[in-house]
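Heads up, there are several structures right after this.
Two complexes are shown next, each including chain A; its partner changes from chain B in the first to chain C in the second.
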Partner chain A sequence: MAIEVRIPTILRSYTAGEKSIEGSGSTLDELFADLDGRYDGLRERLIDEAGLRRFINVYLNDEDVRFLGGLSAPVSDGDTVTVLPAVAGGAR
Partner chain B sequence: MRYESLLDAFGGTPLVGLPRLSPGPDVRLWAKLEDRNPTGSVKDRAAAYMVAAAEKDGLLHPGSVILEPTSGNTGISLALVARLRGYQLICVMPENTSAERRLLLEAYGASIVSSPAAGGSNEAVRVAQGLAKDHPDWVMLYQYGNEANARAHYETTGPELLTDLPEITHFVAGLGTSGTLMGTGRFLREHVPGVQIVAAEPRYGELVYGLRNLSEGFVPELYDESVLTSRFSVSSADALRRTRELLSEEGLFAGISSGCVLHAALGLAAKAQAAGQRADIAMIIADAGWKYLSTGAYGGTLAEAEARLEGQLWA
Partner chain C sequence: MLTISAELRAKIVAHARADHPDEACGVIAGPAGSDRPERFIPMLNAERSPTFYRFDSLEQLRVWREMDDRDEQPVVIYHSHTATRAYPSRTDISYASEPEAHYVLVSTAEPADEEFRSFRIVDGEVTEEDVAIEPE
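Take a look at the complex of A and B:
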């Protein structure tokens, strides 16, 4: 088992069009580093020196990782990580 | 209850228990029925406060034009206020919003400018900002960054909840402009030690996230992460399923964003139940289901309803 990472349309140029990729690691940071080995440039689109980029939201099993320790959030096999751009959403 | 006019009749909404959806006597869910507001949504609070603040600041005069990016409830709330206070209202809304919302806005006399479906409300905000630049005399209340939006909840929703449910442990609401969560959340944190403030955020189909590049993302100016305890992303499928459960289990005919909120609330409830902790979880029912009937959310199988909802903005 691995960690499933769901990639938004806008970043699929880094994953050869794949909607969902797999990686490993014990924290989100390690997971992104692992992915960077196979998907060149992806990590840089997700994080900068300060951590997660402002307009990137990352969810671990549907919970925003910013409330789970950010890049230090622990992850494990079987988890699903969803990457989404921050949007204004729907009907307000 | 007696009020001077419909505009004065917002707030003071009922808080009702959801005994069938609650896991047990020590972990209880409570729904604040915001559909019991003058135009049928929680947005009546923000609209009343934002217009009052703009009037106080001298921005609005009889005949003034109010411009707002809104695909629904805020526009309908503003349309009522505009009609009664003598303003014109222009709403910028994505073309993929439900027919009822357009019809309602038109019924109140508001004008509608459509923005492209792709990009959702981000696009509506951008179009509205462009229009505002071209028409400096128009007043954009800008719900995403207007402190009066959050203040409405700090001064009304928060105190109402504390009065009705002093034992509150969790507050759950949908995340949009973040006004409800910021205002209510700040108030509750000041008065209830350890209270959890939880955001439930709708996760749409890919069309809505179809941004040209990531630097065009959007975070509402009102949003302050430090007010929240956690934030959950809820799929259309889960939101739909829970919306139907509200109806079938509790008889509550709510809009789809309430299903989204219920999904997060049930997650918190299950966690508290498993840990053997008491919980009194208050959630916001932002509106009723009327405006969403044409989306097909309430009929047929869940899979059919989900397919019909794909690409629509449901919250």
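Take a look at the complex of A and C:
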């Protein structure tokens, strides 16, 4: 078993159109590093020097990973990680 | 062009008026590939701000999953500007992440006369489109 990662439309150019990919690791950080080896450029769209990008939501199963320790959140086989760009904007 | 029913247009405007002076936001889902907005889903503005909006992250996950399960997509993503015109701001453009969606903006700056406009926002490029209202 592996960790399933669900990819939003706007990032599927990094996954050859795949909606869902698989990876491994014991933390979110390791998982993204693992994916980076096969899906070049994807990791960079998710994180920057400061950690998770502010307008990218990453969920571990049903939780926002920001409440689970961010990139250090532990992950294990059978988990589902969902990536969704935040819907945001405004007049400011 | 965005084709939308008079009823759904009225629901967007009513939501924008109700949350004024904060920005209101939401989605109208429709069958994937149909380009037909059908299911009105008002969303919380987690920022509760007159100048900014952001979907609540957990509500967004729930709604996006529901659309996935129903084979729908966000046909319309709407929000209001409460003191400025209904035109995408730099912030709107930089965070736009659904290239297939119609981005609807409503301005509630004028109490009696709302501005209702629709845009495509793809790779930072804004294109305004016509809005066709289908009578009830």
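Annotations for the structure displayed:
One rule holds in what follows: the second predicted complex is superposed on the first by the 87 of 92 C-alpha atoms of A that agree within 3 Å, B and C clash if a C-alpha of one lies under 4 Å from a C-alpha of the other, contacts with A are read in each partner's own complex, and residues count from 1 in each chain.
In this section, contacts are C-beta pairs under 8 Å (C-beta built on N, C-alpha and C of every residue); 3 or more make two chains touch, one makes a residue touch a chain.
Since this is a predicted model, take the numbers as computed values, not measurements.
Residue contacts after overlaying the shared chain place A:R45 against chain B, while chain C stays out of touching range.
Touch criterion met: A:P85 reaches chain B and chain C at once. In the superposition on chain A, A:D62 contacts both chain B and chain C. When the two complexes are superposed, the chain touching more residues of chain A, out of chain B and chain C, is B.
Of the two partner chains placed around the shared chain by superposition, chain B is the only one that A:R53 touches, whereas chain C remains out of contact.
Shared-chain residue A:P8: touches chain B and chain C both. Within chain A, the residues touching chain B in one complex and chain C in the other are 8-10, 55, 57, 59, 62, 64, 66, 82, 84-92. Here chain A touches chain B in the complex through residues 8-11, 45, 53-57, 59, 62-64, 66-68, 82, 84-92, going by the rule given at the top.
If you check the complex, the residues on chain C that touch chain A are 23, 25, 27, 43, 47, 49-55, 57-58, 60-61, 64, 77, 79, 81-84, 88-89, 91-93, 95-100. Of all the residues in chain B, the ones that touch chain A in their complex are 43, 70-74, 97, 101, 119-122, 124-125, 143-144, 175-177, 199, 201-204, 206, 208-220, 225, 228-235, 257, 313-315.
Contact residues on chain A toward chain C in their complex (touch as defined above): 8-10, 55, 57, 59, 62, 64, 66, 82, 84-92.
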